[in-house]
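In the two complexes that follow, subunit A is the common piece, with subunit B as its partner first and subunit C second.
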Partner chain A sequence: MKIQAFLQKVLLLELWQGMWVTLKNQFRPHITVEYPKETVEFPPRFRGVPRLRKDPQTGEELCVSCLLCEAICPTECISIVSEKRPDGKGKQLISFTINYERCCFCGLCVDPCPTKPITAIYMSHDYEFAGFDRDSYVTAREELVDGKPVKIYTS
Partner chain B sequence: MISDNIIRNFIIPLTQVLVILGVASGAVAYMTLVERKILAFMQLRLSPRRVGPHGLLQPIADGIKLLLKEDITPDKADRILFTLAPIVTVIPAFTALAVIPFSGGGTFQIFGYQVTPWIADVNVGLVFLLAISSLGIYGIMLGGWASNSKYPMLGALRSAAQMVSYEVPFGFSIIGVMMLSGTASMVGIVEAQREAHVWYFLPQIFGLFVFFVSGVAETNRLPFDLPEAEAELVAGFHTEYTGMKFALYMLAEYTSMIVVASIVTTLFFGGWLRPFPNVEALGFLNLGLDRIHPVLPGYFWFLLKTFLVLFVYLWLRGTFPRYRYDQLMRLGWYWMIPLSIMNVIVTGGVVLLLRR
Partner chain C sequence: MFRTEMMDINMGPQHPSTHGVLRLKLLLDGETVTDTDVLIGYLHRGVEKLCESKNYHMIEPYTDRLDYVAAMYENLGYVETVEKLMGITVPERAEYIRVITAELQRIASHLVWLGTHALDIGAMTVFFYCFREREILLDLFEAFCGARLTYNAYRIGGLPWDVPPGWTDRVRHFVKIFPGRQQEYDTLLTKNRIWLGRTKGVGILKAGDAIDFGVSGPCLRAAGVSYDVRKAHPYSVYDRFLFDIPTGENCDTYDRYLVRMEEMRQSLRIVQQALDGLPAGEVMGKVPKRIKPPVGEVYHTVEGPRGELGFYIVSQGEDKPYRMRFRSPSFVNLQALPHMVKGSLVADVVAVIGTLDIVLGDVDR
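Let's turn to the complex of A and B:
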């Protein structure tokens, strides 16, 4: 046993082991991607910025202006203005604003949303929202539905 | 008009120097790219590949960037020494290239003149190399001192201690090669390896080990880059340097890497010799299958071997964490120096017995 430990020390076996690991790993495929050109695929429950959506089948507004998301939001970044629907019951949105400056991506606004089976507000997979001024983070309803225009990177 | 004498004694050496300087600078530039690529592959990352196809123009972009950067001299720095220090570091690094034989097989004929593939074949080549490589430390000391700042000073002090400690095994480890070949001329050592029918890395395996480890420590490369340990000393001796002065330090570091790799190739791996240089059947490795036209000439083998040694450099960098300062000193004084002295004694004994 002692001889073994001695040999291990003299022949620098541990160092060779480490060298072998790095030598082997060189030939494995890379696990990073060339970011703006290609992006990684997200797991379905990834929480990007919260956005609104319409009913994918009928194209109607899903939000019923219940203000539950505004009430639960811990940073108070959602503000909803609505009015009574002129035809029949219910309310309709005038404006729906999320201040992305304050949003903490907690996803709490999605949980109480009453529209079933598709929630009106959802955590999207968007994450590229760097901007040059603070105003650009206050996002109005149209942009919440359609998303930010995507910049295509070349070369 | 220009006499034969001037051409032979002035123009030809000048051309040799310029060609070798140019090739070495280009090699240094692309060494940075190769280093980044190999490190990236070892860490399963992508390497730089934005500038040009597969990032091949990256060194040029880096060079332009460094040229255009603002050249700052700190207020409290010693202006003259601060400017002088990078120059003092670069000159010895390039000077060492003078005695390295890049190819063999006699001389080239260019316009009727004999041109050797080395700048000078000094008969004390190895001693010259040792002397020159010890000079590199002055630039680092000066730079650290002239910056008038804490971290460069600490880095320079460490560098001084480290390089002086590893100078000893560095010198001892090549004595074995000198004894085996009986000469200190670099060309003579390669020729001796051809006559000995074996490259010296086999009889001098401990010498090779000690020489390479001390070489890594001498050039301040990982895992012995204590003088510029980022985690502790910001950037060590070149913390205050910017722009071209910083580039000169980098140039010196990579040039000395290449120099050490070339010395390892020359001393231990047979320089420009092809594998098994005395086996006639393998002649096609030099001359091609028709045995007349040189296909893989001496400098090809030299460059191949040098690149492999440089790869080991990068491989070490990708594998080992930085040594602690006391561990570095203990390795130098407790292991490297006794090992190299033992190597000298045993080699001397064996050479003495064989000569009888």
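Let's turn to the complex of A and C:
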């Protein structure tokens, strides 16, 4: 036992074992990607910036101005202005703004949206929304529906 | 003619080894630390006060931002506290999925700890390997709830979604490959003479002192006290799983390392059992639309990766808590730091901060 311990000490055995581990790992495949040249694929539930959407069939806006998303948003970043429809049935949107500067991407606004199964507000997969000034984060309804044009980076 | 002088040294708040914005004022006699002042508050956001103006649904995203390295546990502790206050029963499947995600989170959190702790002491390779495995876990969380760090993964009464298709197989795959990967960290560190030299006998925290300071989690268990909330006050469905509580003997940094390594193995065991026993069914229980707990107060703890994580809510029958208080393990464990570094060298302070595994978001709240 003593000889073994002595040999271990002199021959630096545990260090060589560690070296062997690092050597083995040299040959493992890479797991990093070179953003922005390559991007990773997102799972369907990925929570990017919240956006509004239209009915895919009729092309009409889905939002019924129930203000539930505004009420549940913890950072109070959604603001909705709506009025009664002229025919008296329900309400229609005048403006719908999300301040991305405050949004914390929690996804709570999607939960209560009553237009099931396709919710009017949804967490999109967009994540590149850097801006140069604070105003550029206050996103109005048109941009929320169509999405900001995404800049594609190439090298 | 010649004389020696005590010297005050500031460590932090922008020091890479303080894991955030911790500031230490060290009083040094040569290289020996004689006194330490821990100055905190650089990340204070007033979440406790903020919660008083938010309703119960809105608070969950805020709990994510406390201990952002282990946000699942903050979510879990918070929703369980509200459920306890309101007497809501959670469907079994939801409980199992909560246990699986929470235990995976413990592994992910311990991987961050191991990587950064080793990096602080000078072993850089381990850091990359740990983050490689953590990446697999974060991908799993992303597939489950859509976010990688601030999950907001549970809701009061259950889960917002069931697991996505194929998710359990991916978890099984992780359970299969992880022991091999952990063996690699083991080979790199456990017998490494530099690692032993930097951790053995460093930052001793005896059981009595640990209890006096209120230290919990792996730091307490490394002192030989076998206390784990999962066993002592079982919450969720933890009473159905077989797992051991690893404890140490020497109360030093090396023992805390061994305890945490063993905890990862035990977590894997729990995940395996939960996957095997995963029942079918609903994931959301019966919950009123407006969460309005009855008048009363409740305290509930879960065993986070850093220790006992407590939530205290006082309700006055409104949809907002009257008072919200978090017992964050990092904050309490940090109190032991001056005691642990007293009389040791400056270089050991870094090792002790690493072994306490603090997260400043949790300390300052």
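Assume the second predicted complex is superposed on the first by the 147 of 155 C-alpha atoms of A that agree within 3 Å, B and C clash if a C-alpha of one lies under 4 Å from a C-alpha of the other, contacts with A are read in each partner's own complex, and residues count from 1 in each chain.
Everything below uses one rule, namely that a contact is a pair of C-beta atoms (placed from the backbone, for glycine too) under 8 Å apart; a residue touches a chain by one contact, two chains touch by 3 or more.
Every value quoted in this text rests on a predicted model; they were computed, and no experiment measured them.
When both complexes are overlaid on chain A, the residue A:T22 reaches subunit B and subunit C alike.
Of the two partner chains placed by the overlay, neither subunit B nor subunit C lies in contact with A:L93. Contact with neither subunit B nor subunit C is seen for A:V138 once the two complexes are overlaid on the shared chain.
Once chain A of one complex is fitted onto chain A of the other, the partner contacts of A:L68 are absent, as it touches neither subunit B nor subunit C.
Put subunit B and subunit C next to each other and count what each touches on subunit A; the higher total goes to C. Of the two partner chains placed around the shared chain by superposition, subunit C is the only one that A:P43 touches, whereas subunit B remains out of contact. The intersection of subunit A residues touching subunit B with those touching subunit C, taken from the two complexes, comprises 15, 18, 21-22, 25, 31.
Across the complex, subunit B meets subunit A through its residues 38, 40-46, 49-50, 315-316, 318-320. Of all residues in subunit A, those touching subunit B in their complex are 15, 18-19, 21-23, 25-26, 28-34, 155.
Only residues 14-15, 17-18, 20-22, 25, 31, 42-47, 72-74, 104-108, 111, 123 of subunit A touch subunit C when the two sit together in their complex.
By the touch rule above, subunit C contacts subunit A in their complex via residues 54, 57-62, 64, 125, 129, 132, 135, 139, 142-147, 150, 152, 155, 160-161, 164, 184, 187-188, 191-193.
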